[in-house]
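Both of the next two complexes hold chain A, though its partner changes from chain B to chain C.
Moving on, here comes the complex of A and B:
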């Protein structure tokens, strides 16, 4: 234990002199400023509907027009050509042209061109349901909500906070730990441990603890100054610790295969990019292909969100925490074995 | 010129020896190949439904018209699936043959009734509307546009990083002192070091366009934007090299650079047009805007000229502010 404290003290000093703490503070400050003052609280990121009526407006169109007027970000234009002109400038739009034929409203859905058939069908169904709400038979449907939690609307800028915590405090350890290890490799201090009483597991654990400490301080700063203090702190700190240990242990595992930072650099950047791919699913929850969901950062991202904005789904936290703990233990044990082998070989 | 090319060759050799250049060239290409496979999955985003296996072929076929269907065994399995992180609606039939729609409760408001609408539509005998479809011929999805532009921007920044890492290596190996007593002038050293930052992004931008099969991209405009954007990455590379006494400090400085790059890119893509003036100070904001418009083929030479002017103006300003430091740091 004394040896571990000694190593911790040394790693703390190295991290301090390498400006890790300063960088962590400055990055946290930038994220707080960006969240509070640069990202707007409200912005419509959904697909916007541009619509126009061709010919006479009839009573049968009223429910459909009412539905379109009520849709957030929708805009009524004079003609189909005006709809198309605006659509060409904004890829996040679709057009709806309404006309009457054979005493029935006929709608033409104008799409960008890359949408799939299922999205087209769903769009037509929504419009159909809006116009014919009274006549559709919902009598044989029972609705069951598993985790109904009244959740206040999250402003757009605050909704980015879980992503920021995943990208900065959690993944910070991934890059910092690799640089720490390579510095010691290049200075050959790592070999000095071979003839000292320090065990390799203590050497690696000390670095993981420093990275977790950095991540926790950064998370607390970002969370308090953006979302406030009303979050599930136990859950948040536990999942951030597990996440940062995952980042650090992964970097440790990768670092053993390279002699210096230059050689490992692109692997470090590429793997950290792969770990952030699940962020694509954050604002599109129905996007969950297998190659995203198998990444541990997928559940981790939603677990951080659950800790900050509880939606009555603590299972995601437990699932992510247990998975990360198992992966972390495996990476740590494999790293110990690989470092021991690598040192003996050298 | 001879000395200039000698530096370029030396940097190339040094990078190849440590596989760094190879990795830097390969990284954007590997990412763009990954993107090529990723794009169909994103374009296929639709609703997800977990249906009970015993629900019947007709119902399954009806739900498949609107989204991806997973068939599971019984209510418990469906409930376990619904509580996972993604949005998926469960549908079973109870003993009275009524439908039970199971949701988690946190689904997007605009999509929360889709399962009910599908069942309601099955119950209806007559279609409420006659629907026709047309499109404006935009075959490129947002993921292609933003994916391609972000990979080109990444290639530009990575090339700047190569310059930074090479300078740090020179400092660590003390070759800077040796170079200072050769006939080589400082300007030649700077231009020689910069060549790699100009050549790499151009080659990679062409690869990105070719791999993603972006046939309508105007190559002249693409190269103009890439070259102009490379200048700022080169300055960043020099600043990283000059300010970092060792590779650790280099990585730390790169962290800041990446934050600056991602803020410029995400801001240009996500922020509403009215609030983007917050980013006008960033040359990489103009690079992002220019690259996106070049990829979508919605840009004129006049606009390219304007964006390039912004990038060059801001780059010159940053260069003037940092020239003294770079000069001193290379001594």
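Moving on, here comes the complex of A and C:
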């Protein structure tokens, strides 16, 4: 324990004098300012529909046109070319061209090209339902919502907080730990450890603890100054600890294969970018292709959200916590073996 | 204290050996010099002894313990001064020593006392990143004494130091020896080796060519010379003549009897000259 405390004290001093704490605090402060004052509480993220009728307007088109007129932000234009021209200037629009052929309304949907299949299907279903609207007997329809929870509406700016916690305390720890290890590799101080009674596991554990401490301080600051104190702190601190250890252990694992930071930089940047890919699914949970869900940061992101904004889905926390714990243990054990091997290279 | 038998090491794990059939024993309280040019195998040997390279072939025992079977507690007994200064640049001199003092499981030296010994007391609270090369070298040397090692490995301990500091370092090494520390000194500075070492080993191409005390090596391989400056036919001339060779002895007598002698000194071969004579290589 004496050695571990000595290592912690030293790593704390090196991190402090390397401005790690200052950087973490400044970034946390910026995120607090951005959340509270720069991102609006509400924003209209709905896609606008631009539509046009080609040829004669018929009786059969009425229900569809009524649906389109009623859609928020929709706009009727004279022709398909006018729709396309306006769409090129506003990427948050889709086009609908209606004409009649063989006494049936024909709908042509003009998309920007980046909409995913789920969005396309949802749009097609909405239009289809609008056409058949008059034939639907609403009294036969029963809405069933699974796991219904009374949830206050989350302001848009505050809904970004889980993403910020994923990014700052967790991912910054990944970069910091890599920097710390490469600093020691370049100073060659690791050789001095190897001729002392220090064990590799102590050397690596001390760094992980420092990174977890940094992550927790940052998480508490960001959370208190954005969403306040009414969050599930046990869940939040536990999942952030697991997440920051994951970031640190991953950096440790990568750092063993390189001699210096410049050689490893491309890997560090690439892997940190890969870890942040699941953020794309944050506002569209239905967007969940396998290559996103297999990343541990996917569940981690939703687990952080569950800790801050409980939605009656604590399973995501347990699932993420257990998965990260297993991955962290595996990365730590592999790192010990790899460091021992690489440092005592024949 | 240190026993090395038939040590081999190949970085390429084939028959191309960096260290080949190296054997020696070092007694308690002895200063053993390991001398050789760059790439001779002295660093490889030292790295194996201090556990920085794994033992491939041969036997090494430190303080009676086979290094293949020892645990990390062995490192409580040894101290290593590296040639390349490897300290935390963001920590001060005294913080560096305090940190390492916490890594050992044995009573340690007072960091400030060690810094004072090597003349760094005024820079104790200065960041190591602001130290000069010589100061860093002294800090590494001081750090190697933090655990009061029974066995002390010194790799070029006076490299880059001024004559005054070199003299202080030599004094500390001698003092530690008197206290019973066993010292393994790796260097290519023959003067340091000659002054400090009880015995030296010459190593070239991974193999030991000779092991003995500097005095015995001189007696065995060196010869006494007379260096003489004299005037002959109004011209100043200089000659080095062996005092054991009959022809040289006769020539020396002739010079003394027929010429005007300006200066005359006897001198012994240096350890460096003996190294060149034995190994055929220069120390660089």
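Assume the second predicted complex is superposed on the first by the 256 of 346 C-alpha atoms of A that agree within 3 Å, B and C clash if a C-alpha of one lies under 4 Å from a C-alpha of the other, contacts with A are read in each partner's own complex, and residues count from 1 in each chain.
Definition applied: a contact is a pair of C-beta atoms (placed from the backbone, for glycine too) under 8 Å apart; a residue touches a chain by one contact, two chains touch by 3 or more.
These numbers come from a predicted model, not from an experiment.
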item: Chain A residues touched - chain C or chain B, whichever exceeds; value: B
item: Partner chain(s) touched by A:316 [first = chain B, second = chain C, both, neither]; value: first
item: Partner chain(s) touched by A:298 [first = chain B, second = chain C, both, neither]; value: first
item: Which of chain B and chain C A:280 touches, first, second, both or neither; value: first
item: First (chain B), second (chain C), both or neither touched by A:330; value: neither
item: First (chain B), second (chain C), both or neither touched by A:195; value: second
item: First (chain B), second (chain C), both or neither touched by A:224; value: neither
item: Which of chain B and chain C A:30 touches, first, second, both or neither; value: first
item: Which superposed partner A:9 touches (first chain B, second chain C, both, neither); value: second
item: Touching both chain B and chain C, residues of chain A; value: 18
item: Chain B partner contacts - residues on chain A that touch it in the complex; value: 18-20, 23, 26-27, 30, 34, 38-40, 43, 45-46, 64, 84, 87-89, 91-92, 101, 104-122, 124-129, 131-132, 135-138, 140-149, 151, 175-176, 178-180, 182-183, 186, 260-263, 265-267, 269-270, 273, 280-281, 284-289, 291, 293, 298-299, 302, 311-313, 315-316
item: Touching residues (chain side chain C, partner chain A) in the complex; value: 11, 13, 50-54, 56, 72-73, 75-76, 78-80, 82, 84, 86-91, 95, 99-100, 102-105, 143, 147, 153
item: In the complex, chain B residues that touch chain A; value: 18-20, 23-24, 26-27, 30-31, 41-48, 65-68, 79, 82-88, 94, 97-108, 110-111, 113-114, 116-121, 123-124, 127-142, 145, 158, 161, 165, 169, 246-249, 251-252, 255-256, 259, 263, 267, 270-272, 275, 278, 296, 298
item: Parts of chain A lying in touch with chain C, wherever the complex brings them together; value: 2-3, 5-7, 9-10, 13-14, 17-18, 187-189, 191-199, 343-346
